[in-house]
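What follows is chain A paired twice: with chain B in the first complex and chain C in the second.
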Partner chain A sequence: MSMKLDLGSTFIRAIAVAVVLAIVAAASTIMGTYPTLIAITIMVFFVYSLSWSLLANTGMVSLGQALFFALGAYAYGIFAISYGMNPIAALFVGPVMGALAGLAVGFISARLRDWYVGIFTFALTPAGYALAVSSQLQPWTAGAVGLATPRFPLGSSLWLPFATVLAFAAYLVIMIIKKRRIGYALSAINNDETAAGTVGINARLYKTIVFGISGYMAALAGAMFVALYTSYIAPDYFGYPDISYSVWPIFYSMIGGMGSPEGVLLGTVLLDPLETAIRSWLSGISVVGGNLALVIFGLLLVVVLLKAPKGIYGYVAKYVESRKARARRAAEAGTKAEVSTGQ
Partner chain B sequence: MAAFLIPSYLISTTLYGLLFTSIYLLLATGLTLIFGTLKLVNFAHGDLMVLGAFVAFLFVTLEGWSPYLAMVPAILVIAGIGVLIYRFTLRPAVKAGPVNMILLTIGISYILENALAYYFLPVYRTGVEIPSPLRGTGILLPSNVLLTYDEFLTIVISWAIMGVLYYWLFRTRQGIAIRALSQNPVGASISGIDVNRLSYLTFIVGSALAAIAGTLYGIMFTFNPFSGILLTLMAFAVMILGGVGSIPGTMVGSIIIGFATSFVSYYMGQTWGEAIAFIILAVILLVRPSGIFRGG
Partner chain C sequence: MSMLEVSGVVKRFGGLTALNGVELSVRGGELVGIIGPNGAGKTTLVNVVMGVYYPDSGRITFDGHDITRMPPHRRAKMGLSRTYQVPRPFNDLKVIDNVAVAAMYGSKDLPVGEAREIAEDLLRRVRLAERAEDYPESLSVVELRKLELARALAQEAKLVFLDEVSAGLVGEDLREVLSVVRELHEGGMTIVMIEHVMKVIFNLAERIVVMMNGQKLAEGTPSEVSSDARVVESYLGRRWSEV
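Now for the complex of A and B:
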């Protein structure tokens, strides 16, 4: 699954991502309240999709990423309501629960081969749902009814800029991981775990750590989703019985191109508004229009997986590569020609 | 735990354990057959089962068929859908590696669930059960526990099908060829086995087993378009517990998961009854990922 899709240096890529995020934020702010809300979901799902692709690029397919997303959402809500924590603090402290869960899940997942990780993470979501609706935890989670959260203390005009900064921070974290020792270790593990072991890379340790980081990011996305968008936490955030919340990050990452964070950004920026538009249009036609929209998006995922497994970004990178190679060949041919005529 | 000792509770819980075992057995056998032979992890298996139940439901309610006869069109439709899925999505993706395969079957599961919801929810709203003319009649067991004819038939049908399947896999040339294919595809191909044809056959048999399991499940329990996930997970728990690719292992796995589900549901509530399968799964993955019987 490993792939190298580099369009320019790290610095230029980071600037480009910052510019894209800023444009999304500025344009939607000018367009009005509703587009601003959509832009907030773009930022949330970008963070969420990054958390998924971080694992996927280490060879671990999480089919239950919603577990961490929902844990972050609930931890944020419970810390803010039951323990009276400042919501801004809760937004960052709550996801620690996601990190802890990530370390625990990672500890087991690191010992499992490819598809077992998928099943294991998948099987955790009904358990999370069961806990959220259980009568023992009802005083904190409000059971199946869901939890309404207090208003986020920042002025509402600051919500989108705040989300944008967090999204860019998440991107930087991914880039820093990539450029550090851990990043090279992870990519070695992904290429060949046994070979990585022979050069002294502790694959299990790195995989556990990366699950912890991913758990924090997914939980942060969940907390952001509640704090800045819904103000409400429902048990179905666990991706059960409807698996949507676990599927979204897969969807954005795979269609955009999970091999690079820029691909994930592309997928989220293009698909999140498109999905919202199609869903609200079809929901206007029929009560189950939302389901029809999900069928369409499921088909899109299947087609992309079959026809363009590296996503849109993979396509673009391949195109640019081939252009560069052609230019290089042409230049070489040109110098040769000059040399020969010179003689 | 005094309730545990009351004979009527004990008998009816055992009965439910047998029922769960029979249904999980059919479902997980289909899954393990497809995985063992084609090395394909099918996350849409439980959704095929629910779709089978829904096809049977339509034949019973709209055409007035007997639920046991409606199993036939359910098998045909699901086997057909299975072949289409295999031909147009999974087979072309074999080269793409396990990660893409897993995501593909998740995508298919998502499509099947929402497509079913699109037709199902406006008409049937929450959930349905396949109506059976035999409902309420049965054999009276000791302590006043009624073993309904539906329950009896479910248990008999699933174990009979397992018997036939076992005979097919272990006593006929075709079954032996499928087992050879699961052990070594290249070797099987060299010895003149038509790998392509047998791959389709395996997927058809696996899907048909899901349809049978679905119909029986639908007669016993309420289902809705999203019931498939839990069933897929149960089947995976059974498969991993027993040892992937092993039929005897699947039998042992389904007995353990079936009875654990039934007893825990009865004494600790349904939520825990469902969760126990995943607790067992997590423990097995941690201590012995190859399952009780090593797959082969």
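Now for the complex of A and C:
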């Protein structure tokens, strides 16, 4: 759960991330309609995975992140359909519901230790599903049938660039959090909550705030998913009964390297298209294709974490760091030798 | 009036009574030493004063406020800080940022830049400046103790507990850390210094509290304590040869 393995200065890192996102967007646009759709899901799942890793880097493992994802999707759809809000506005306003839910869940999670946070968040997803299919809310949610949403009012050639800009904005939010006062507090809380309290950090307050931010980001990802990709909202976005909506951000973050947003990007760019490929390939063989994809990713996660506990990016960063350190030691040894011979 | 008042504090861990009605009173500007054998309850006393645990009974006041059940971060804001006997660094933060984060959130709320300047100064004072950009994982035990000291001081507290900071230190490092403690005391800071080995504390402390089995066994000036029959018998007598 390390935040420390970072390569280069903040500015260079931001440029590099912008370039990677732009390449993904440009290359997929050139390749055609289907790759463009895949690229949109990459942007969506990058935002979503960042929301999960922000929590994980504050010592809270959410196993029910889909609660916020689905809340964002539904709030977007209900605001746009039942309340006639402009979908562009609904895309940003809807996730406020995710933020509010995040603050509420965070308020409780901040008072729970270790894996109780996972159990608690996991236990909330069936409740979300039950609300979505309940007959009282049927006029807004359309129950088990799901909601078809209006066309997003931007030329469809702009959907991917729009998603790319939002993905980069989410990355910048994470970087700003890391570099500010709050970022130091979050690292301290993640490493040792008791010692963090000793130096004056209000861990419960920060954990609650972080859950609010994470709830907004996850909900934004859910709203983007609907607005720019599916145009349809289903109750199973709540990660129940199919847990995959809660699990993908965990896989992408942990395999890529959740300690830094670049690792999360790496994981998403590599694994999201792979997931789609495995799913479509397996669906030809079996109706449980989606679940088999989960199994394959679970095994991949185990293999990667055995070799590289901090994910692929963490592995690379550590290698580069150790080479730099070796070079520095060599340089220092050289200077010392000069001094001693100069006497 | 005393700055810190601990009265009748009891703390049990299951069947074990780690603190059994402890009394401690510390006046502003004082340097108090606490000694006692391993398991006497010295660290538990610090934990209870800092809010790591709440006592089962008894009362703690600081600056006239009852802090018995106040959350730890608020005690830090009021001006309490401590070192951990077993170092507890923040491993994802560089050495300098371990100290800076304490300056950011301690008794004052400081911005990152100012906090890092304070951290740099403190690292120089405890002779850890050349490790500023490293991560705590690469530090030796001695360096980790110095980091604990720097972090506790960065909070600019009114009262600091030093829980065996000098353990394992020798030579220049020991002299340096003790001179930092002396300077702090001369600068008016209130210090409670816990030591397992007495030599260090007898020259520094104005008053010494001897703890044993979760209670205060004796209290007085270093010379009073070292001539107290009970102390000599139950503690010093056995240890004097080692000191």
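Methods note: the second predicted complex is superposed on the first by the 316 of 343 C-alpha atoms of A that agree within 3 Å, B and C clash if a C-alpha of one lies under 4 Å from a C-alpha of the other, contacts with A are read in each partner's own complex, and residues count from 1 in each chain.
Note that in this section contacts are C-beta pairs under 8 Å (C-beta built on N, C-alpha and C of every residue); 3 or more make two chains touch, one makes a residue touch a chain.
Since the structure is predicted, the reported quantities are computational estimates derived from the model, not experimental observations.
By the document's definition of touching, of the two partners only chain C reaches A:Y184; chain B does not. Of the two partner chains, chain C is the only one that A:A195 touches; chain B does not reach it. When both complexes are overlaid on chain A, the residue A:V247 reaches chain B alone and has no touch with chain C. In the superposed pair of complexes, A:A203 makes contact with chain C only, with no contact to chain B. Shared contact residues of chain A with chain B and chain C: 1.
Put simply, chain B touches chain A in their complex at residues 41, 43, 89, 92-93, 96-104, 106-111, 113-115, 117-118, 121-122, 226-227, 229-230, 233, 236-237, 240, 271-272, 274-275, 278-279, 281-282, 285-286, 289.
Residue ranges on chain A touching chain B, taken from their complex, read 1, 56, 59, 61, 63, 108, 111-116, 118-120, 122-124, 126-127, 130, 133-134, 240-243, 247, 250, 254, 286-288, 291-292, 294-295, 298-299, 301-302, 305-306, 309. Against chain C, in their complex, chain A makes its touches with residues 1-4, 179-181, 184-185, 187-188, 190-192, 194-203, 259. On the side of chain C, the complex with chain A involves touching residues 50-52, 71-73, 76-77, 81-82, 84, 88-94, 97, 100-102, 104-107, 111-112, 135, 151, 154-155.
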